[in-house]
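Before anything else, here is the set of structures, which you'll find just below.
Paired with subunit B in one complex and with subunit C in the other, subunit A is shared by the two complexes that follow.
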Partner chain A sequence: MNESSSAQRILDYTDRQIRWLFSLPAIVVMLCLFAYPLFRLIWTSFTNELLSSSSEPVFIGLANYSRLFFEDDHFWQSLWITLYFAFGSTVGQLMLGMGLALFLNRQFKGEATFRMMLMFPIIATPVAMSLVWSMLMNPMMGHLNYYLSWLGLGDALWASDTATVMPSLIMVEVWHWTPMTMLVLLAGLKSLPREPFEAATVDGASRVQVFTLITLPLLQPYIFLLLLLRLVHGLKVFDKIFVISGGGPNRASESLNIMIYDQAFGATNFGYASALGVQLLFVILLISIILFKFRQRKWSY
Partner chain B sequence: MNRLLLQKRVARLAFYVVLGGVVLIFFFPFLWVVFTSLQEAGNAGAVPPDFFAAPTLDNYRNVFEEGEFLSCLWNSTIVVLLTLVANLVISMPAAYIIARNRQGWMMFLILFLQMAPWITLLLPWYIIFKKLGLYDTYFGLVLSNLTFMIPFTIWLMLGFFEDVPIEVEEAAWLDGCSRMGTFIRIVVPLVKGGIITITTLGFMFCWNIFIFPLVLAGYDTKTLPVFVFGFMADNQLDFGPLAAAALLTMLPVIIFVLINQKYFKQGIAFGGGK
Partner chain C sequence: MKKFKSKNRYGQIAIMLICLLFLGVSSTLASDFNWRKYEGTTIRGMLGKSAFSAITKKHIKAFEKLTGITVKAEYYPSAPIRRKLVMELGAKNEDLDVFGGLMKTAYQYDKAGWLEPLDKYVNNPELTHPDYDFADFSPRTRPIINGRLIAIGGSGNPQFLTYRKDLFQKYNIKVPTTWSELEAAAKTLKKNLPKGQFAWIARMNKENTAPFGSFLYSNNGSWLDENGKPNFNNRQSVEAMKFYGKMAREYGPPGAANIGWKEVVGAMAQGKAAMTVEISIFATLVWENPKRSKVAGKLGYALTPAGPSGSSKIVLPINVTHVSALSKKKEAAWFLVQYLTMKEQMMDNKLKGAITLRGSNWQDPRWKARDKLPELSKLQTEGMRTGRVGYEIAIARFTEARPILQRVLYTAYEGGDVQKKADDAVRQIEKLIAE
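And then the complex of A and B:
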């Protein structure tokens, strides 16, 4: 047989196996980056592995978990901070985004330019913008207090005070992501059928009635998607808190993400950090499952 | 009649005033950072701000003289470009196969993978990467970026591949084109829009990612976001250089996205955000 037929045979073979040939690289990379590391994370959470020591980690059963549930008070506070941040910022983004979408749902001159300017918070590097916000919120030299004084308001301590650090961080998160919720909801509004709105106007429904009885139910798929995406994202936020407050003052903004980082790379407590990581994973999974169940029930009637 | 016209005009004016206010709230940190980066050392942190002070480029010189800045800029660029290329080579064929075989469970798996918080993945990665010698290498950083790029790309490309009619491919097969050849020569050019969208959003995600290089990059491969964070610790309260560093860090990604803004909007409206 000659050269070309063996080349042909190789081609035939790749054609038959194309399904595997094409998906194998992605599957292998994802397995290496997710499957084995997650297994390793769970395994490490049962050991006393330390980053600093070279000795082999020892299996210590559930000791890390009992420490986290019963001995470490900060775990519960940290869990609360994580949930507070995620739910607070998600609600803020959805409400503001909805308001903006309703406001911008019309045609006007300069629409494209204005919309592009609104996109800037999403594009800009979060670490750089967190740095900018931490400068703006500086109690001594920051400009925010100066602008507040224009409105006749007193000075705030922003991220330097245990009482205001969480609202300040949520504010930055809402500033960062509201343009995205706005854009998705606006796309949703533009895709709605017109008939129900015309019928409602004929029937003399008020604007509030139109919004609560027609717009909201019709937008439900979009709202659900955003709720899921933003909530899961909010539970994972690390950059902003790490740069702006670093978890302080007095651990008042130390979410689970920050606590895990500090335990692992600050205190070199890898075993304990892994146990915390498993908890965070579990919380995110639980919230997603609850959301999906909730949606199924709502849709079944 | 005249009154109605006047009312309309006032309503329009009110709309633009409110719109201007909204845009200002979202945009003013950017105005502030440009303004502050051009202030002299003594002026940058002044309250009330001196809006008419003479601008200076000293702060930018300060950042460039840091020395590390240029090498971090280089590292960021290399990691982003390598990630984008590797991602397309790995994800496009996979997305194509999933689109053609309609494997719904794959979508669910992809959504599920997106839920894992980066920090929990970083714990095992750190140990594994150290063991395999991937710590502080470009390869390691590219690999870490692929964790969000691959699911995101597959998710976004599915729609584009499903829009390519199977008849086009069948015609190519009948003409004796291999399946691999059909994919590269016929299908890929038809989903160009998707590729540009992925490149635009991917550039943004990879340029901006902080937590991966924070843990996985050492001195040799430090990227710009990590540089800015370190710069912040070194120059506390020195607002001028800090503002310049922040601005220089985000300028490349802002320019890149503005060039491709059509595709950026498309991708974000699709439900974007990791």
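And then the complex of A and C:
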């Protein structure tokens, strides 16, 4: 009896603990691909690692962070550019995406074709698409100014001027990703229950009231998801800025990612670039936490 | 008379014997040279991707056949190759043996200890073919840092003023030799050219320091003094910055701040800009090619006009090939560099339009018969003789210094306080050097 119960206990224990064995490959992969690079990034940020130096990197404590916060004026400008791009493009995508989703949330002839055509920007390769946009926006040879002249409008400098470069980049990002937000919001609209809308119609609610008091609150989970995804994507964007403006003119569009790239591969200053990387990570984390908290408090249905 | 004839004949025979002896010795030396010394070795090269890459590939195939050395060659455009090199060499990769580069980045690579000095290879008859003739490279074009030959230069790219001859004739404009004449020409063109065409175009984006070098040195300015200390806040340099910025602001296309070499090439080829100062390979490959340009045959070339405090100077960017100091197969790597820069190989490039650095290539009858732009060739030859190879700020942390200088030039473009910005920039670069 005792023997069988202890055998049973061993079997039970093995049964309970064997899950670790099965999870081990995934844990090892996670440690190698995520934890180690993250640890390495943080460690490098405390060193003076200069790739083009014959001497070995040494630990310099918080010197890179001190330079970043107190000496490098451009860090704060870069942070502002990153946030401006992320929030500007996310708001643009959500507003346009909502408009398109509402437009497509009804039956009309050619609806499927129209929806398919709207998907084209998502299919486009970001670098190729950015190249096309940079040519279109060229103030000297681009087509956009030519079309503006048709409308009797003056020439715009688009990505070639410090004042207009950010709105131009946001415009491209909005053009690229609005179809995706539209698709998610359309799926959300199609899944909403009919009853609240019917009740509102019976009660004589106007279209604006229906939209603001019923559609929007019911769509909040979808809007939150998009807000999180698009903001994080916006904070990390690199390809469009790199191809269209290269961070210029005069660093007016140099986001944190572009700054990291220039520091790492231009100046070969991996220590400082890592400190910038840690800051970007921190910003993304902070915004994600705020969004989650916000959702928990206000948007629980 | 008979006596004279026989004496003369003896003389002729003697000369012939000496010539035969000389030819015999040199051919013996040439045949003694063992190209197959490193047969069976495999080397890896990272080379620049250019209009001449196909010729390089052909030469590498011939090299493999001649030496028995296998070459794993990768080709990248100039910006990606720099990043890839820094990553590989920074990681102390011994697997990379040969790589292409530019003189401006060589200071950084040299300080890092990545460049093998090549003097000992060039001077070693066992490692260098007797026909190599290193003296054929103009002394001005030899990539030398601190007295050490750190690469072999393949081609150069002297910068000149390129202008629309037809428009100059039409509006009766004299080819400018000074900045005031250049500005007067720009003013006349601006007044007369239709909308959408511009008197002037020059790089003002991240690459603006490259063509600016022509203006800096043509006004007796400098980046560094003779002790290597930054001094570009001196009167002549600031004057040059202000003029460069003013030309772009007042006579260039709108949004000049994002104009790089691609925009300059396109605008000139499409006839949208009438003047520029740029590297002359653009003329050879694009502007004078009727298939790629609307202005082929309509362009003139001249030295960069002189500033009020100086005289016209030629800036000469050069493409070089290095042997990695980290390589374990340096001799085989040198064989490849040597082969690619021998007279015949470089002549192949020359006949396809490259501005090669060997003097003999320019005298070769094959080239003379094919030269369609003798006016430009004359200037380019002068560039090889007197050009300034180190035209960007020659410090190891060049890649960090350049954005600082770019912003000074941008301030000039915006019409801001250039002197103040230059003073600030000098302090920043002093700090970089001290670090």
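As a working rule, the second predicted complex is superposed on the first by the 270 of 301 C-alpha atoms of A that agree within 3 Å, B and C clash if a C-alpha of one lies under 4 Å from a C-alpha of the other, contacts with A are read in each partner's own complex, and residues count from 1 in each chain.
In the analysis below, contacts are C-beta pairs under 8 Å (C-beta built on N, C-alpha and C of every residue); 3 or more make two chains touch, one makes a residue touch a chain.
None of the values given here were measured: they were computed from a predicted structure.
Measured by the number of subunit A residues touched, the leading partner among subunit B and subunit C is B.
In the superposition on chain A, A:S54 contacts subunit C only, with no contact to subunit B.
With both structures placed on the common chain, the touch criterion links A:M141 to subunit B and to subunit C.
In the superposed pair of complexes, A:R251 makes contact with subunit C only, with no contact to subunit B. When the two complexes are overlaid on their common chain A, residue A:G266 makes contact with subunit C while staying clear of subunit B.
When the two complexes are overlaid on their common chain A, residue A:P217 makes contact with neither subunit B nor subunit C.
When the two complexes are overlaid on their common chain A, residue A:D239 makes contact with subunit B while staying clear of subunit C. When both complexes are overlaid on chain A, the residue A:A159 reaches subunit C alone and has no touch with subunit B. The intersection of subunit A residues touching subunit B with those touching subunit C, taken from the two complexes, comprises 138, 140-141, 265. Of all the residues in subunit B, the ones that touch subunit A in their complex are 15-16, 18-19, 22-23, 25-27, 29-30, 32-33, 36, 45-49, 89-91, 93-94, 96-98, 101, 113-121, 123-128, 143-144, 146-147, 150-151, 154, 178-180, 183, 204, 207-208, 210-211, 215, 224-225, 228-229, 232, 237, 239, 242-243, 245-247, 249-250, 253-254, 257-258, 261, 264-265, 268-269, 271-274. Partner subunit B is touched in their complex by these residues of subunit A: 11, 14-15, 18-19, 21-23, 25-27, 29-30, 33-34, 36-38, 40-41, 44, 100, 103-104, 108, 114-129, 131-136, 138, 140-143, 145-146, 175, 177-180, 183-184, 187, 225, 229, 232-233, 235-236, 238-239, 243, 257, 260-261, 264-265, 270, 273-274, 277-278, 280-281, 284-285, 288. Of all residues in subunit C, only 82-83, 86-87, 89-91, 108-109, 111-114, 196, 198, 204-206, 253-259, 263, 266-267, 270, 272, 396-397, 399-400, 403, 407, 410, 414 touch subunit A in the complex they form. Across the complex, subunit C is touched by residues 51-54, 138-141, 155, 157-162, 245-251, 262, 265-269 of subunit A.
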